[in-house]
Structure formats: C-alpha cells, structure tokens
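Next come two complexes built around subunit A: one with subunit B, the other with subunit C.
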Partner chain A sequence: MPQIFEASKKAFITGNEAIAWAALAAGAEIMFGYPITPQNEVMHYWTRLAPEYGKGFLQTEDELSAGFTVCGAVQSGKKAFTATAGPGNVLMQEPFGMAEAMRLPLFAVIQQRGGPSSGTVVYSQQEVTLTTYGGNGEGHRIVYSTATHQEIYDYTIKGFNTAWKYRFPTFLLGDGYQAKMREPLEMYNPEEHGIEMVKTYPLVGLQGKIGEDREPQHLCNIYSLEEELYEVVLKFAAEYEAITPELVEYEEKGCEDAEIIILSHGVVSRAADDAVKILRAQGIKAGYFRPITLRPFPQKQLREAINRKPARKLLIAESAYGQLDRLTKQEIYGETVAIENLFMPGVGIIDYDIINKVKSIM
Partner chain B sequence: MGMIAPAIPKSWYLPSKPHKFCPGCGHGIVLKALGETIDELEIQDQVVFGCDIGCSLLSWNFFACDSTQTHHGRTTPVMVGIKRSRPELITIGYMGDGGGYSIGSQHLLNSAVRNEKVTLILVNNTNYGMTGGQMAPTTLPGQKTETSPFGRDVDLTGYPTRGPEFIAELTPDSAYVARATVSKYKQLRRFLRNALRNQMEGNGFSFVEVLSTCPTNWRTNAQQTWHFLEDEMEQYFPIGEIKTPFGKGDK
Partner chain C sequence: MSLIKIALAGEGGQGVQSVAEILAEAAYNENKQTIYIPNFGLEQRGGVSIAFIQVSDERIGAPKFNKADVVVALSERAIGRTSGYSDMNTLFVYDSGFMVKPEELPREAKKIIGIPAVDTANRQLHPKVFNIIIMGAVIGLTNVVSFEAAKEALESKLAYKFEKNPDLRELNFKALAIGKEMAEQSLKEGVGNNA
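This part shows the complex of A and B:
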C-alpha cells in the first residue's frame, strides 16, 4: 500500500479533516456522501485529496443512495465509506440494515447533531440508540465512540480493519464538537505503527470463468421461511458474541477505591476525566469509566469496576436524555449500585456540571 | 418418445429452474431474452446482476452470474456503487414499476441525470404483484387494483408514469432509453442487446422498460391478458427506442 506520509507528522486540524486523512492512510478507495452538517468537511477534504491519490467520490442524491452505493462498492471488493449525521443517519439505517444482513464490511462516520428531527446542526450524543441498535435487526454492529482527534484518526484506521476483518458494519461515532474543533494529533501511515491493513476482497465480480473455475455468487438478504432467517440470525449472534471479547475497548481510572463512578462516553468523557481529578483533590473518591465500544459494550469490565470497592453510586452523564443510560442498564442488569443521571440532551457537558451533580448526590 | 427440449440460455442457473413466477407472468420471457443476450455478448463472467424486491426478487438466483439482492427501490444505487468501484464489470439492475418509479424514483432519476454507466431493466405490469396487486405508478386510468378497487381515479391519483419518456428528457445523447414488450420477443432482444452494448462501450445510462403481463392479479384469462398487454397498455405506453446512440432508433 502506498505511504501517504513520508513520516508521521503533527497536525492541528478539525476532526472532519482528520477523518479524511485517516481514511486515506487506511487505503480507502472511494467515498459516497450527501451533505449534512456537521459532517460536510469530511467530504470537502476527501474531494480535495481524492484526485491526487487516485481515489473516488460520488455525491449521491440522498443518504439512502450514499449508504447503498457503499454497500455495492464493498460488495465489489473496494474499501468504501460514508459519513453522515442526524436525519441522514436515520435514512442510512436502511442500508446499514442491509450491511448487517449481508455481513458487508461497511464503514460509516456518524457526527451526532441535535435531535429529534432536524434538531440542531451543532452537537449531541442523541444518536447512540440509532447507531447501536437502529434498523429492523439485532444491532449486530460495531460502534467506536471517540473522545479526541487522535482517537478519531486511530479509530478511523481501525474501523476499516474491523469492518473487513469481522464483516459487521462498523461505525465511528463522533459529534459536532469533535467534527468542527481543531486539536493537535499525530498523523501516520498505519504500517509505521505496526498496523497491518486487512486485505479487501470482492463478494461479486470474482475472477474466473463461471461453471469452470467457480460457481456464481448469489448474495441474499431475504428468506422464504421463518426457520431459515432464524438460523441466520442465530449464527450472526453467535459470531458476534464470540468476537466480543477481542472487540470491547474501554478506559477506566480510579475505580479501585471509588465511592462514585462517573460513566460517560465520547467527548463528555473528557469533562468526566477533569471532574474526577478535581473531586479527588477535594477529597471525594470518584472514579471514571468510559466505554470506547458502545457495541459491543464492555459490560463485564464495567461490572468489575463497580464491584471492586464496591462503588455506592454510578453517575451516567450524557448529552442525551438517557440513551447511554438505557444501554448501560440493559448491559449491567442485576447490579445493585444506585444509578444517578446527568442528562443534558443536545448541549455540552463540562467538568463543573458533573462536579455539581456529584456534590448534590453524595 | 423423444422430446425436443427448448434451448436454455447458458447463462441461466439451472438449479433454480423451473422458475417460481406465476403461470402467464411475463418475467420469464424478459429473463429468457436477457439470458440469451448475455450469452450472445459473451459477458456472463463480467455481469453483476442486482434485483429489487417484489416479483423481480424471484430472479435473484436466476442466472449463473454473480448476483445480489438489494432492498425495495435500492437496486439502482447498489448497481451504481459497484459500477463506480469496478468499471470493468457489467451491472444489470432488474426491478418492477413500483421499485423504479415509486419508492426508488429518486435513484432512477438522479442516476439518469448523472448518466451512470449501468443498465437498468424495469418490468411494467401495471401493479404491485408480489404484495397482492395494489395500484402502481403505472396502473392505467380506470384499472381496478386492490388499492383502487373502483378503478384508478386520475383526479385523485394522477396519470400513469411514462418512465422512458421522462428519462429520455433527463439524459444526454449517449444514453440508451427504450420501451419493449414481452409480446415482441425479437425486438425485446434487440433493445436489451443495445442497452448492454451501450454500457459495454462506456457510453452512458441504459434503460429498458418492458411491458409485461400479470394474469394472477389482473384476474384475466390468456386472451384477456394478451388483449390488455397489446391493446390497452401499448396504447398508453408506446413501444420503441426513444433515445439511442445506435442509429435512428426503432419505433
């Protein structure tokens, strides 16, 4: 694979630009997209880089088309991706469902904006439920929730590899703040960091003469009988559960003696990290837990963190009205820790918000 | 006693035969013509065949060509995604009138405008067959369906969509746009050949609507079926090549 950078380099760029560079470094070959804020600059940077590196781009008629063209592109064996947000994410649930059903190595970036409906173009964490469990399926998807530009870069590269290795649709879940703000990061060629890019391969348009060298491919997503579908879904579930231990990622700090654990994800976890440091300096034993993969969820690790001391309280802080909260509760069902909430749908959360909340409940 | 078996296209996938379309359905004729055309052009190994949802879905394993199912209305973008990624492949999207003119109309329209180098075949039988015979964009004025039980009222639901005519308006001269009918087999073969040639030569968008029969939902006998196809449908949906880079065009 051609090297994009002569050597790894420091950059001070927006999250959307970091995605375009990371996709390039990951060897992505074509992007399909439809304008929606706050993901537009992913397309803007990609379209500027594409000619120089011989990459493809198509601005489709809508998000349905962007999602389905990616489905077609990956079926033909090309490393393809898209990026969207909000109502676009809603429309893309249809192609994401097809990717789930046909096990297509689709990779999509979601930059969350406010909802419901057109909401705001700015920021939220309100697309957690949609991205993890959207569609008429079982949520057999892999969702990375990033918190820094370095992670955006790292997990874009990793996202392509995850999609092609496991063939479950894979998502990088960011938000408008991460999309638009500038932050320093290191950009690099994957090989320099010891990352081997997973080779792509076609599912249709195979080499060889049909009937002599090979059989024709007949890919399907619809079944005649309930039992046929049942077998397929059970197989997917078993495969998903088998790979879960190698997929789950999380971050944990100070949970060993924590009276209260702050649970958050994405950009909010930066505020949680600061809040925990300040609370500890003030003598309150607070801990920090952050799922990086929202699907699959690090439920075993969270249960262990809760039970280590054990913590008396779990504070779930999110820029949504309980989406991480519901996800967490279903994952840690049976734990008796008291769960408190800081729900701020569609607005940012800073350390001060979390500290105040903790003091009001401790 | 010896029987003379009808010639079967080489590109047909034999384990899926006999096919599952209703007796009297026109899909089998379209797919036979398509199979023979794929054989004639010797493109079996380069074709990627994509089918929509509805009766067209029953074609998903019809050919011994790489094939994929999609969603209702979304065959066009899947074919576009494949063609944009692998231009050496020959992509054939197969859909009904509901998939192409209703739920997937934005994809059809915009792929035509962009002159995507795909071949789309749309089978027009004036109703949604698979779901039980509802009104389609192509249902004729006065025609009874399950959702227009007293006949299509054009004041309430408008007039039938004339697809090739609007697509011809949207496309440049390098596109190929035609309407065929299962009642004129040789002409159907020629139009399909031209539509595939146009993609193979890299000219542009290629679209063939094929008038077809649905005696199950029309509730017609053989004679009535053929009458509806040849007399009533053809009157509203004229047959011919509307736009072709290959000479003057066959009216």
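This part shows the complex of A and C:
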C-alpha cells in the first residue's frame, strides 16, 4: 500500500480533517456522502485529498443512497466509507441494517448532533441508541466511541480493519465537538505503528464453480421462510458473541478502591477523568470507567470494576437523557450498586458538573 | 503553565475565529496542549460568534467551559452574550468606545477592562487590524503565547497577504504590540477599570 506520509507527523487540525487523513492512510478508496453538519468537513477534506491520491468520491442524492452505495462498493471489494449525523444517521439505518443482514464490511463515521429531529447542528451524545441498536435488527454492530483526536485517527484506521476482518458494520461514534475542535495529534502510516491493513476482497463475481471450487456466497437480506431467517440471526448472534472478547475495549482508572465510579463515554470521559482527579485530591474516592466499544459493551470488565472494592455508587454521566444509562443497565443486570445519573442532553459536560453531582450524592 | 481559558466573542466578519485560530496555532507551535473550538450553532448566521480556546502544559479535558480566565467582547452585543462566562477570576475585556449600560457588564469579574482598540485602530493604524490589537491584548493579559510565537503564527496565517503588500506585515505587528502594551498597562494602572 502506498505510504501517505513520509514519516509520522504532528498536526493541529479538526477531528473531521483527522478522519479524512486517517481514511486515506488506511487505504480507503472511495467515500459516499451527503452533506450534514457537523460532519461536512469529513467530505470537504476527503474531496480535497481524493484527486491528489487517486481516490473516489460521490455525493449522492440523500443519506439512504449514500449508505446503499457503500453497501454496493464494499461488495465489489472497494474499501468504502461514509459519514453522517443526526437525521442523516436516522436515514442510514436502512442501509446499515442491510450491512448487518448481508454481513458487509461497511465503515461509517457518526458525528452526533442534538436531537430529536434536526435538533441542533452542534453537539450531543444522543445517537448512542441509534448507532448501537438502530434498525430492525439485533444490533450486530461494532461501535467505537472516541474521546480525542488521536483516538479519532487511530480508530478510523482500526475501524476499516475491524469491518473487513469480522464483517460486521463498524462505526466511529464522535460528536460535533470532536468534529469541529482543533487539537494536536500524530498522523502516521499504519505500517509504521505495526498495523497491518486487512486486504479487501470482492464478495460478488467470484471465480470457480459453486460446490466444487468454492462454497456459495450467500449475500441475502430477505428470506422466504421464518425458519431460514431464525437460523441466520442465531448464527450471527453466536459469531458476534464469540468475537466479543477480542473486540471489547475500555479504560479504567482508580476503581480498585473507589466508593463511586463515574461511567461516561466519548468526549464526556475527558471531563470525568479530570473530575476524578480533583475529587481524589479532595479525599473523595472516585473511580473512572469508560467503554471505548459501546457495542460490544465491556460488560464483564465493568462488573469487575464495580465489585473490586466494591463501589457503593455508579454515576452515569452523558450528554443525552439516559441512552448510555439504558445500555449499561441491560449489560450489568443483577448488580446491586446504586446507579445515579447526570443527564445533560445536547449540551457539554465539564468536570465541575460531575464534581457537583458527586458531592450532592455522596 | 496551568490551564488558561479564553473566550473571544464578536460579530460575524470581525475576525473573532481568525484571531482564535492564530492564537491556538501559536500555542500549538510552542508545544503546548491546545484546544480551539468555535461555536457553530445557527447564531453564526447573523449573530454573535464565540471562540473557545484552552492552553495548558497538561492534557486538556472538556472542549468547552463555563467560566473563562479572559473574556473579550469585540462588539456591544457580545458583551451581554458573554458576561455569563465571567466570574470572580475573570478578566473581562471590551472596547472602551462601546456604549454600554452598567447592568450589561458582568456582575462578577476579577477586573473589567475597557481598552480603546477601535479608536486606536482607526486613528493610528487601520480599522482592519482592530482584531489584531485585541489579539495583542489577550497576550498581554495572559502570556498564553510568547510575542514571537504570535508574530510567527500571524506570518504563516497571513503570508499570502503580506506577500502582496509587505506594509501589512508592519501594520499587523504594530497592532499586536500596541494591543499587548495597552493590556499590560491596564493591568498595572487599572486604566479603564469600570468594576
């Protein structure tokens, strides 16, 4: 694969720009997209870079089409991706569902904005439910929730590999703040960091006689019989559960003696990290837990963190009205830790908000 | 250097975001941890535009903040819009030529500083470098970046304009120096302190 950078280099850029560069470094060949704030600059930067590097771009007539064209491109063996937000994410649930059904290596970036509906163009964490469990399926998806520009870069590269290795639709879940802010990061060619890019391959038009040279390729999103679908979904579920241990990623700090664990994801975890440091300096034993993969969820690891001391309380902080809270509760069902919450839908959370909440409940 | 939080606000077209970008770029070039985020809500279509900058030696947490160390209001409307970012630790800066009712100024501030940036730009320099005077003032108040780093960042941002008209370089650097001096002076003497 051609090297994009002569050597790894520092940059001070927006998250959207970091995604475009990372996709390029990951060897992405084409982006399909439809404009929506706050993801527009992913498209803008990609279209600026694409002609220089011989890459493709197509602006489709809407998000449905953008999602389906990615579904088509990956079947031909192209490393393709899309990016969207808010109502665009809603529309893309149909193609994302197709990718689940047909096990397509689709990679999509979601930059969350406020909702419901057009909401705000700014920021939220209100697309957690939609991105993890949207569509008329079982949420057989892989969702990375990033917190820094470095992670945006790293997980864009990783996201393509995950999609092509496991063939479950894979998402990078960011937000408007991460999209629009500038922050330093290191950009690199994957090989320099010991990352081998998974080779893409066509899923259709295969050579050889079915039954003799190769197995038939079942790329199906509709079945005649209930029993057929039942078998397929059970098979997907079993495969998803089998790979879960190697996919799950999380961060944990100070949970060994924590009276209270602050659970957050994405950009909010930066504030939670600061809050834990300040609370500890003030003598309050607080811990920090952050799922990086929201799907699959680090269920086992969170249960262990809770039961280590054990913690008396779990505070769930999110820029949504309980989407991470619901996700967490279904995953740690049966734990008796008291769950508190700090729900600030559509607005940012800073360390001060979390510290105040902790003090009010401890 | 501990964390410094700066909010710049003004009307669209005043160059608020440009100044913020240059300042953030200068801090990044000095190997500091830096975050810059513009507000980009619907208010950017004909409203007050705000830029949030944070600079530190250590990793920075949340991208936005509730209270700033320095707030600069570049227009009369921006004063009301940003007074909420001011608390007892905040230096609140506005142009002393604005018609401001006392109740519009923040209730809490470490110091409220009026500097004659518009007037100085118009009389001594050029109306267009008003925002560079403000940038100089921010440096004078916070030392968030060195004067040299600010000049270099200005140079790289405006290189194409400087190339066409070399006089602009001197004009911008002068504006930066005047802004810095005004701010330092106001801290020393309390000039224009309305608080």
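One rule holds for everything that comes next: the second predicted complex is superposed on the first by the 350 of 362 C-alpha atoms of A that agree within 3 Å, B and C clash if a C-alpha of one lies under 4 Å from a C-alpha of the other, contacts with A are read in each partner's own complex, and residues count from 1 in each chain.
Please note the rule applied: contacts are C-beta pairs under 8 Å (C-beta built on N, C-alpha and C of every residue); 3 or more make two chains touch, one makes a residue touch a chain.
Being a predicted model, the structure only gives us computed values, none of them experimental.
On the shared subunit subunit A, the superposed partners subunit B and subunit C are arranged side by side without overlap. Comparing subunit B with subunit C, more residues of subunit A are touched by B. By the document's definition of touching, neither partner reaches A:Gly194: not subunit B, not subunit C. Look at A:Gln217: by the touch rule set out above, it reaches subunit B but stays clear of subunit C. Contacts of A:Gly54 after superposition on the shared chain: neither subunit B nor subunit C is touched. In the superposition on chain A, contact of A:Gly283 is made with neither subunit B nor subunit C. Of the two partner chains, subunit C is the only one that A:Phe12 touches; subunit B does not reach it.
Taken over all C-alpha pairs, subunit B and subunit C come no nearer than 28 Å in the superposed arrangement.
Interface residues of subunit A, counted against subunit B in their complex, comprise 29-30, 32, 56, 58, 60-62, 64-65, 67-73, 75-78, 80, 94-95, 98, 102, 202-206, 208-211, 216-222.
In the complex of the two chains, the subunit B residues touching subunit A come out as 13, 44-46, 48, 50, 53, 57, 60-61, 63-71, 74, 76-86, 89, 106-107, 109-110. Across the interface of their complex, subunit C is touched by residues 12, 37-38, 120-122, 176-178, 180-184, 267-268, 270-271, 273-274, 348-352 of subunit A.
Across the interface of their complex, subunit A is touched by residues 21, 24-25, 28, 33-42, 60-66 of subunit C.
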